[in-house]
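This structure is in structure tokens; I'll ask about it shortly.
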Amino acid sequence: LRKGFPEVIFCQGKTVEQVAQIFYRLCQASEVNVMGTRATEVMYEAVKQLVPEAAYDSTARIIMRRRAQTYLHGLICVCSAGTADLPVAEEAALTCELMGNRVERVYDVGVAGLHRLLDRIAILRRANVIIVVAGMEGALPSVVGGLLDKPIIAVPTSVGYGAGFHGLAALLAMLNSCAAGVTVVNIDNGFGAAYAAGLINKLAGDQH
Amino acid sequence: LRKGFPEVIFCQGKTVEQVAQIFYRLCQASEVNVMGTRATEVMYEAVKQLVPEAAYDSTARIIMRRRAQTYLHGLICVCSAGTADLPVAEEAALTCELMGNRVERVYDVGVAGLHRLLDRIAILRRANVIIVVAGMEGALPSVVGGLLDKPIIAVPTSVGYGAGFHGLAALLAMLNSCAAGVTVVNIDNGFGAAYAAGLINKLAGDQH
Amino acid sequence: LRKGFPEVIFCQGKTVEQVAQIFYRLCQASEVNVMGTRATEVMYEAVKQLVPEAAYDSTARIIMRRRAQTYLHGLICVCSAGTADLPVAEEAALTCELMGNRVERVYDVGVAGLHRLLDRIAILRRANVIIVVAGMEGALPSVVGGLLDKPIIAVPTSVGYGAGFHGLAALLAMLNSCAAGVTVVNIDNGFGAAYAAGLINKLAGDQH
Amino acid sequence: LRKGFPEVIFCQGKTVEQVAQIFYRLCQASEVNVMGTRATEVMYEAVKQLVPEAAYDSTARIIMRRRAQTYLHGLICVCSAGTADLPVAEEAALTCELMGNRVERVYDVGVAGLHRLLDRIAILRRANVIIVVAGMEGALPSVVGGLLDKPIIAVPTSVGYGAGFHGLAALLAMLNSCAAGVTVVNIDNGFGAAYAAGLINKLAGDQH
Amino acid sequence: LRKGFPEVIFCQGKTVEQVAQIFYRLCQASEVNVMGTRATEVMYEAVKQLVPEAAYDSTARIIMRRRAQTYLHGLICVCSAGTADLPVAEEAALTCELMGNRVERVYDVGVAGLHRLLDRIAILRRANVIIVVAGMEGALPSVVGGLLDKPIIAVPTSVGYGAGFHGLAALLAMLNSCAAGVTVVNIDNGFGAAYAAGLINKLAGDQH
Amino acid sequence: LRKGFPEVIFCQGKTVEQVAQIFYRLCQASEVNVMGTRATEVMYEAVKQLVPEAAYDSTARIIMRRRAQTYLHGLICVCSAGTADLPVAEEAALTCELMGNRVERVYDVGVAGLHRLLDRIAILRRANVIIVVAGMEGALPSVVGGLLDKPIIAVPTSVGYGAGFHGLAALLAMLNSCAAGVTVVNIDNGFGAAYAAGLINKLAGDQH
Amino acid sequence: LRKGFPEVIFCQGKTVEQVAQIFYRLCQASEVNVMGTRATEVMYEAVKQLVPEAAYDSTARIIMRRRAQTYLHGLICVCSAGTADLPVAEEAALTCELMGNRVERVYDVGVAGLHRLLDRIAILRRANVIIVVAGMEGALPSVVGGLLDKPIIAVPTSVGYGAGFHGLAALLAMLNSCAAGVTVVNIDNGFGAAYAAGLINKLAGDQH
Amino acid sequence: LRKGFPEVIFCQGKTVEQVAQIFYRLCQASEVNVMGTRATEVMYEAVKQLVPEAAYDSTARIIMRRRAQTYLHGLICVCSAGTADLPVAEEAALTCELMGNRVERVYDVGVAGLHRLLDRIAILRRANVIIVVAGMEGALPSVVGGLLDKPIIAVPTSVGYGAGFHGLAALLAMLNSCAAGVTVVNIDNGFGAAYAAGLINKLAGDQH
């Protein structure tokens, strides 16, 4: 169905053996990129036994078998504010790349220091889609959405404490965003945001 | 900023006088479409005094002053399952049209009667973006998302009762959707879904 | 009271010693099947000291002492979508069997890949009752319920993350199911679903 | 699909005109029972214009066009504790009857006066399925389930106040029921409980 | 105790007669300002019978009997984004004034149009305390807090819909604000914010 | 103030050193009973170094230094249904005893097996107050309250899983109890229930 | 069972006719006090037709037919802080009286003005039980409980706004009370608090 | 921007290496105080390698590099009730000191023992701002706020159990406080409270 797209395994909740077997099987079956999200180091070790060319990104928690691929011309930006949001931001960014998108990372841009965000506005304007990842700065997608007229995909993260309620505060803030053009995915779902962004970027084609 | 886009007023929470004055002012100021969402019949009467050419769609609850406009080639589909979801679905569909998008309505397609949905698959495949509106059938975006490889924008509605908790059940179901490509907006936010869909359809340009 | 039914211990929250003692006592007291749900490997080791014929299913987390039993003619199907839902699905399936029901497992059938579900429709139609186990695919019971006119017992699982809220999203989705014929048990309660399904299958008797 | 079953309209959220038109259309199309749940008096008046033989039960809030029907031999009991729970209990009981089930009402049996429940135990034992409707007495299904080895379908109602949270307290109590054999439907969903009970009673056939 | 402060009545939940009597009694007892918050037009009419010099602000919903007063030199700013937030913003602003503070209103400054906020930065910088009132723009206090090094008192409002959950989303967003210096009061509590701001402004004395 | 009452330390959240020091100090300061609730084995070891006569009840998780005491004539009953509720039930029972009350334990009486409860009715009737401890059987206080005309203190426990929500389901069920005479304490608060029961039993004096 | 106690009808959720009929029937059947809680003026008019001697307290919302009764010697105090809490406080106080208890009302004693509470300490000390009713002052039972060594029954009310969440904030505050001796009933349940207080006062007998 | 203020790192969610590097960099870059909140012992060890003069407060969980500083004349009081609240109270107190404020700790003052609080009233009156830290005693800020006419910053803590819901009960209690002058920060956010208090104390200048 999804021609040219990577094969994906959601590793969380599966045993190490299940992950390794499924990963191996998918690699045998086709020549597209194969990736496993929410993967642990231990899962990677097991995969590597069966698929020696597999690599692991420990921040994004992704196991991957990459194949030569052509990239779309369109650009996706991934923004985030806090250091602790990086795993989710990187899950998004790396997934975008494995789907054949060019990605620009715009990190460490928080609402409390607006100038850092405004300094990066030029690169944001060049993107077809912007993914905004934030836990304690649930305000970020609103601000980004107010500056740009492009689709924004907001990813709340479970980073924070207390009344952050494991990402609920950020999720609600993003859903109530007044800035039109913002849509939202599940808490910590960097993969899902990337997948939707990739579909949009593909629609945008080569014209930008 | 948003060239060619309609001017929009969110009428809910404003007094009748405020709505009429702002609507009038926006009509004077430019020649784009002007629209007011969440508007009551009474607000419309007041607007009509000042802007005689204004029209009102009582299902979508939108007041509008339309101007001749050119339409994008790309198509947006709006799906819904239940009769009670129509106001939100129409808010989405009419907003899309006022933004210059061609819209196909695919209504009365529920999960409990899958064949009705499958019968409409051809038209769904022709769309660049699909907006799925559902209250008691929170499952619908997952099913649509599983059938298509296009961006899906899911709109939970407050329709339902009991453990629907005014749209919360549908919202959570949509956020947990396993089908990649689904993003979500606020409960009953047909406008926001349309706005994001319009941005995507514009990106897609004339190439489809 | 419950003639022919197994004796059941809910092991979670009991100490290893308590589990072993109660299991032993029940085995001494009668010749029906004896089973302990939510049992750990360690509990099993302790039980085995006292009841050497006891067996353990580590996926279903059930300790059991089985006796020769006669099976009802009627069939119960257990459906699930995700690999991580297997422990709950197996708790349901094995409990059904220990109660004397014939069981068919219909696993790996998700909403995002409808055809896999439709491919199994014949076996589902042969069942008197269908148990549907799902965490991230809360939509599954609605879809199954829409295809069949049999009682469906839906089991939400705590599998998932973020706005899944440990099974709450799936629970609410299932309660709001528009497809008539769906009833729901507690999150992760594979045992309870099986028990209710067993009572229904017994009512259905031998006539199917 | 559902041979012999009534055609059903969920009237809540539809306009009076929509209800009347749909009801009329269904009556023209077949000779089965036709029923509309959550219907107001005003809706009934509109239906009566088009379908003079239609009747209305104002407690159950059901509009119906009944046809001569044959009844199953098996019995369904509907239990409830409080006077304020009657609308939901009657929605359940009348739906059962319109589906061709014999129904026994066991009302005014609360947990605070156990003897009234125990006095009715004989009739409860004769049923194939028991529907238990309760708002402030969320404990009732547990008690009934402990006395009987039949499938129990629990319906929480929104009756109560304060920490009843519009049925949430009863819903949670019922889901946590330790008495095996209890399954649950949405708050106030008397129809859904009846539909599931009817499917079970049909399975049970004539053998009881 | 609170010398020079107005006497205050919280009118909501009191009968019209109770409000009028208490207001009258307080006016008789002293020569400070007397104010009643959350007051209806009808309450005002009753008060006016007994205290002819009383005035009413229908946006702020405050009844007041003002006395000549001296003003503190320090300034309090009240910011808000949406028209529907005005009643709460005005409750805050008018309370500040009745406590003897000079107030500057900085309205219609939203996150989606940052430049409007940045245009007003000079006046914000002159304030000792800034009250930020927002319902759908829960991000506003974070942004304001990031621009200034003054105490910010954030007031979430119940304005919005759906996943705004009557002010909960804004409340949580404000509590999670990363910008240090932000503290929060109850949803819609313009009075409480003003009272705290007044205490701070009084501490700041005449030195600014 | 509380003459004759034990001195109490809430150990949870304190360091081992803090517990030992406070316990020692209280023992030095008076000759009443001294007790520490929510205490770990490790805390007990540290206390024992300083207060050799201290004892530890590992089910109730209470460290105590007991003194000869006189007992009130009145009786307190502590009921519970499940084995996993024992720690809370024993926290209640032992606290009652350390306060000088005679206590009768009525354990393993669940709603699903009413007869076991009815078998113990005579002893329950002799009590001045009944403490009912339950997690998955939130219905138990309603049933006990319906059988007796004595004050009932209900203690929800965090035992259970899924929609038990760590005691919330039991808490809500108990608060909504229709049986008059039931009051409720915090989840798992066996101590608080005992303290209130002790105050009541003391009021009842010797006359029963 | 409950000798000498009034007969009680919970009128909320019953029709006017049901209330009148039940009230009449209970008056015919015995010579004890008869009372209906949560009754409207309209219900009272209907009752009066059938039971001319019935009276109505519009603050407590109680219909009653009183009979000469003897009073217990022991005293119950009912405390409350806010004017808006009076209906619940009076429901409690009047219920206590109809059960034969002497009652002292200690109203308008809030945490923000501690001295008013301390001024009434003598009367509070004379009571056997204290009922504390509070909505926005959820702290009150803790403070009262800290001053006295008597059983305290706390009644949260739905008075307040915003993050009061219709009584939830007060309920949680009361459940977490550190002052031992406090137990809690449902939000707004003045009747339930009175009933429990009455049972305790009866236990206390004439000895105080 | 914030002249004279310490540089701050929020260590939670960062890796040990990230913390050490950022701390080192900030120390190199300026001569102000540098502090890291929510820091573990292990993080401190890593920091010490790079910044030998760094110190660690294990109760407050703060790593700091202190520089000679001048103190403001104004006083900040930090109140708390329970031993388990000390880490948050100390996070607040030490942050205040590192910002150049004089701090008085008023610990072990609970609502259940009012006299201990009243004994300390003189020192509380001398403060410009009072920070009140409480988990199970959510009532404390109300009581303190009622005694003083100074800004109160309330910090709910996650200390407690059951219906404390990890600080939610305290948070809601504090937001509903009737005592004017109380504002609230996130659960466990001692740092944020201190920062806001510091801004206020700075405004108050030297005049007190």
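As written, the chain order gives the labels A, B, C, D, E, F, G and H, with residue 1 at the start of each chain.
One rule holds for everything that comes next: a residue touches a chain if its C-beta (ideal position, glycine included) is under 8 Å from a C-beta of that chain, and two chains touch if they have at least 3 such contacts.
Keep in mind the model is a prediction, meaning the values are calculated, not measured.
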> Shared touching chains for subunit F and subunit G?
Replying inline: D, H
> So which has more C-beta pairs touching, A-E or D-G?
Replying inline: A-E
>> What's the farthest chain from subunit F if centres are computed as the mean of the Cα atoms?
In response: B
>> Matching over half of the contact pairs by residue number, can you pick out the copy of the F-G interface from A-B, A-E or D-G?
In response: A-B
>> Centroid of subunit D to centroid of subunit H, CA atoms only: how many Å?
In response: 57
>> Suppose each chain is reduced to the average of its Cα coordinates; what separation in Å results between subunit D and subunit F?
In response: 41
> Which parts of subunit F, given as residue numbers and ranges, touch two or more other chains?
Replying inline: 82, 162-164, 168, 171, 175-176, 180, 186-187
> For this entry, which pairs of chains touch?
Replying inline: A-B, A-C, A-E, A-H, B-C, B-D, B-E, C-D, C-F, D-F, D-G, E-G, E-H, F-G, F-H, G-H
>> Which stretch or stretches of subunit B touch subunit E in the complex?
In response: 12-14, 18, 156, 158, 166-168, 171, 186-189
>> Which stretch or stretches of subunit E touch subunit B in the complex?
In response: 82-84, 159, 161-164
> Okay, in this complex, where on subunit B does subunit A touch?
Replying inline: 1-2, 8, 128-129, 149-151, 153, 171, 175-176, 180-187, 191-193, 195-196, 199-200, 203-205, 207-208
> Where on subunit D does subunit F make contact in their complex?
Replying inline: 81-82, 110-114, 136-140, 142-143, 145-147, 160, 162-165, 168-173, 175-180
